[in-house]
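Two complexes are shown next, each including chain A; its partner changes from chain B in the first to chain C in the second.
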Partner chain A sequence: MKQQHSPIDGSQADVVLAGVEKRYGNTIALRSMDLSIERGELFALLGPSGCGKSTTLRLIAGFEQPSAGRVFVRGNDVTRIPSSKRNFGIVFQGFALFPHMTVAQNVGFGLRMRKLQKSEMKQRVMSALELVGLDHLADRYPRQLSGGQQQRAALARAIVIEPDVLVLDEPMSALDKILRDRMQVEIRRIQQRLKMTTILVTHDQEEALGMADRVGVLNGGRIEQVGTPRSIYETPRTTFVATFLGASNLLTGKVEGYDGAQAAISVAGRVISIPRGGLERGATVPLSLRPEKIRLCAHSPFMGKVKEMTYKGSTTYVEVDVNGVSFAISGDSAQIRGQHCEVGNLVGLEWDARDVVVLEDVAS
Partner chain B sequence: MIPAYYKAPRTLLAILPLCFLALFFLVPVGYLFILSFVEGNAFGGAHWTFTTANYTGMLGDRFYIVIAVRTISISLIACVLNVILAFPVALFAARLQSVWKSVFLTIATVPLMVSNIVRAFGWVVILGRRGILNSVLQFFAPQMVLRQHLFSIQAICFGLLTITLPFTIMFLTNAVSGIDRKNIEAAESLGATRWGVFYHIILPLTKSALASGLMVVFFLTLSAYVTVTLLGGPRYKTLVGFIYDYSATLRWPQAAALSFVLLGIGLAFAGIVQLLVSERKK
Partner chain C sequence: MRRMVLYSAVGISAFLTLVPIFLVLVQAFSAGEMLTFPLPGLSVKWFVRAYTVPEIRESFLFSVILAVVSSVFSVMLALCGALYVSRNGGVLSRLVTILALVPLVFPAFILGLALLFFFKAGGVNAKLGLLIAHIVISIPYAFRPLVEALKETPLSLEEAAQSLGAGPLSSFVLVTFPQIAAGVGTAWVFCFVVSFSELSATLFLAGPGAMTLPVELFSYLEFQGDQLVVAAASTAQVLLTLGMVFLGNRVFRRR
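Right, the complex of A and B next:
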């Protein structure tokens, strides 16, 4: 293989997609995608079904070839290299354990294909099974395992070959909620211990935010935003990102002018200032404000009538109408009760200026 | 849990076909079994005295041994050819979209819609002295023109393949389609070559279908009469041909004995195949 450096990123990048595109006939599954995944990080590809995340995964794993663009792994162009030669460990959706092999045989398969010596193979299989806590079930068949155990077996099978890249394709989809939470923590722990570059493909935003170092949000075959979980949650760039990652108040504001570095924007008949430049005076801009960033208070320029209240235990959901614009608020139940918040009452809303995010697309 | 009132009619339903089979299969076969141990007479009847001569006579005769070996060989060759030819077809067909797969399987089974006799005559037209094969060979490779391509083991095998291949293709295509595509991709991602995927994943996961296919092929070829007679001619007879000859000449006890030898061969093959399949499962 010829050593070749990626056109976009430096030596830190482990997996690089450069202008990768995938078309099936006339339908475009993936539009010119540039992505760079760093060594040792857990990168989540997040998006709804049909957004192109599975296609991206199949291109990275080598099951399919891009219609255009190149894929680099550790600086080597692997675009035309079949998956059997890429040294990727993949945990498939539904796990895809070989039904006719025991757990140990499943885990040992990749080593067998690499023609390792029996003794070394046995030792590595056992230590991989120990790592995932499955060493006592080595002789069971997949059908004799629970969902969580199957997932551990699939994970052991993927990491035992010491892959360059670990790929997790919707790894939690076959598990129930409690197990899912536990496995998220556990997979993250194992990944950090092995310092393995990992790509997580998921439609579950909690999973992506909770596990990943960085998240790439996909929509319609295009990456909308890449960033740390905190940055994409708190400063979404587009309406899609704002709404896909949890609830958000999507507001429409009008740029009235500037006061120093602060843009004055009118929302619901009031003017707020946002620390943000580069907006055209008089333009209409879409805004995002997370429900949990809004607090209730007695006096504020934003006074409104409580339209709806839903008690959810530790939090309470409130809907307030301000000048015909509806605000969703989610807050601590005790704090909200302290504000005499009841349906029909007048309450004030307040938030920190930096929590209002100006989105880049046109509000719908 | 199946309630009692539902169970009773189910047993009844099972009894009816079982009675049918008992009456029209087990009874005649039982009668045939008894017949195979009595002495025949020259007029199509039997002296009802016990003898094992019908069997020992055959086992002692080298001629019958040769015929038996030939019969088994033809069936085994058919089995091997079926696997070699049907597996690639199944691997191809299993990857087709469901509509095209149905179309493909229908086309593959078209030969079964034609009578055995017509199919065999088709081969006569191709392989005969003035057949298509010779005409073509005359043109391109005159040294390969034979007086007769018919009446040979090869001709019999070709003929039997047109009967059995549709079955094997069907069995294997369904079995290969049943394999989760992700299992194959998992094996690939773990470094398996195409051959490795076939040997370690596809073959073990289709072995019970393969066993069923092989048994169908073996039984069908073991008992094939029309194809063997038309394409093998008088020189290449198999055991079935002799059963026919015996019954045509009213030597019922010998015909019966030979039938049970054939049945024994079939059962032995089935036993071996089942043993091989289950042994690997451990």
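Right, the complex of A and C next:
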């Protein structure tokens, strides 16, 4: 296998996309994407359907070639290298197990292609099956397995070749909710044990937040934000990221001025201060405030009437109208009951100044 | 009432198609000298007599060889087309589909005439001409089941094989082909049967040394008029065809 050696900066990046673009005729599926995935991390590509995440996956896996830009794996340019020579382990959506082969033959396929000796092959297949807890079903055919077992088989087939990169394409979409939660934990456990660089493609924000070291949020063929699950959840950069990852109060504020490093912004007829610079005086800015960051209290500048209350067990959802602006609040049921919160009552709202995030796009 | 209409329609068409064929099959075993019913007795003498006619014997063998060879080529060509069509959209894909299916709607009679002129002009000999004609005529029968079979096979299987290190050829042979084997078998049986019983285009293209059984029987009936010899030879043909279909069902039955 010949590869061009093209040095990149000395970081620990395993997979690098440099200005990768993909066009189909006149439609642009991906716009100039730069992405760097580090060695051993689990990176989630998160986005709604049609956002370009599948295209990104196909480019990284080598099933398609970018219209522009380059793909590097461990510093080698693999842009023109076919999938069969990239040494990637892929778990497909729907698993794509070979129906005419047993579980052991499926798992051994990659080793067979690598012309391994029978004895070593058998041993590696068995240890991969043991790792995923499927060693007792080695002689079954895929159609004789449950959904969860099929997924384990697909995972074993992908990791047995000791891939440079493990790619998971919507790996949970064929499973039911309970199984999904269990497999998330299990896949994460195996991934950390093998310290395998892993790319997870998903539309499920819980899956991405729960499994990944870092998440890249895609929208309209563009990466909107990359960061740790906490950072993208707590400090979304755009309206899209704020709403795609859980619920959010999208507010419109007006920059009134500065008090030292604090920007004074008026929201719903009141002025709040946010520790944030670089905003133009008089500008209208979109703001995001997560419902669970808001607390109810007796007295506050933000007083409003309770419009709606939904009890959800441990949490309660409350909607409060403040000067015609509606706030969604999600809080601990006991705490909310302690504030004499009932529909029609007047309650106060408070939050920490740093929980109000100024978004970078225009509010819609 | 509706049911009555349906049943009588089915009954009449079954009667009109199956009974005459059945009569021919039965007559072939007649011990008499003429087409008579009921049979004067049972014997296989007409099969023996058909076999002793050298033209019939040779054309039977030629038909079998032609059907085997042309069906293999048809399936291979149709597979190439079907692979492209099942994986690609666009104008070219539609064009391939139309080209593959056009012999189905185009009268074989005219196709035979056209090919005759074409081969005469090009100096193509009769055997090769017949082979080409039979391939063209049977391609649609292979193309359809192959496209169906390929469309049922997710592309992700092949991609999975490739991601595991299989090149394009081995991923096709080791993964895709086993999925479509039943479709390939069906396609091959169809092509064999179509070629084996093709008459109208073959009429134009057959010649000395390149005579198929249907054409031979057609002219034999016209000039010798020995109906029971023809009945016996036709019966042999029908039985071989039925045997092929039965075998195809057995071997390539969908799992």
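Following the convention adopted for this analysis, the second predicted complex is superposed on the first by the 354 of 364 C-alpha atoms of A that agree within 3 Å, B and C clash if a C-alpha of one lies under 4 Å from a C-alpha of the other, contacts with A are read in each partner's own complex, and residues count from 1 in each chain.
What we mean here is this: a residue touches a chain if its C-beta (ideal position, glycine included) is under 8 Å from a C-beta of that chain, and two chains touch if they have at least 3 such contacts.
Not measured: the values here are computed from a predicted model.
On the shared subunit chain A, the superposed partners chain B and chain C overlap sterically. When the shared chain is aligned, no partner comes close enough to touch A:P301: not chain B, not chain C. Once the two complexes are overlaid on the shared chain, A:G338 sits clear of chain B and of chain C alike. By the document's definition of touching, neither partner reaches A:G277: not chain B, not chain C.
In the superposition on chain A, A:F88 contacts both chain B and chain C.
Touch criterion met: A:R157 reaches chain B and chain C at once.
In the superposition on chain A, A:A96 makes contact with both chain B and chain C.
Overlaying the two complexes on chain A leaves one chain B stretch of 7-15, 61-69 or 97-105 clashing with chain C, which is 97-105.
Taken together, the two complexes place residues 61-63, 82-90, 92-94, 96-100, 109-110, 113-114, 157, 161 of chain A in contact with chain B and also with chain C. Residues 154, 156-157, 159-167, 170-171, 174-175, 178-179 of chain C are the ones touching chain A in the complex.
Interface residues of chain A facing chain B in the complex, by the touch rule stated above, are 61-63, 82-90, 92-94, 96-100, 109-110, 113-114, 157, 161.
Interface residues of chain A, counted against chain C in their complex, comprise 61-63, 82-90, 92-94, 96-100, 109-110, 113-114, 157, 161. Those residues of chain B whose C-beta lies close enough to touch chain A in the complex are 180, 182-183, 185-193, 196, 200-201, 204-205, 281.
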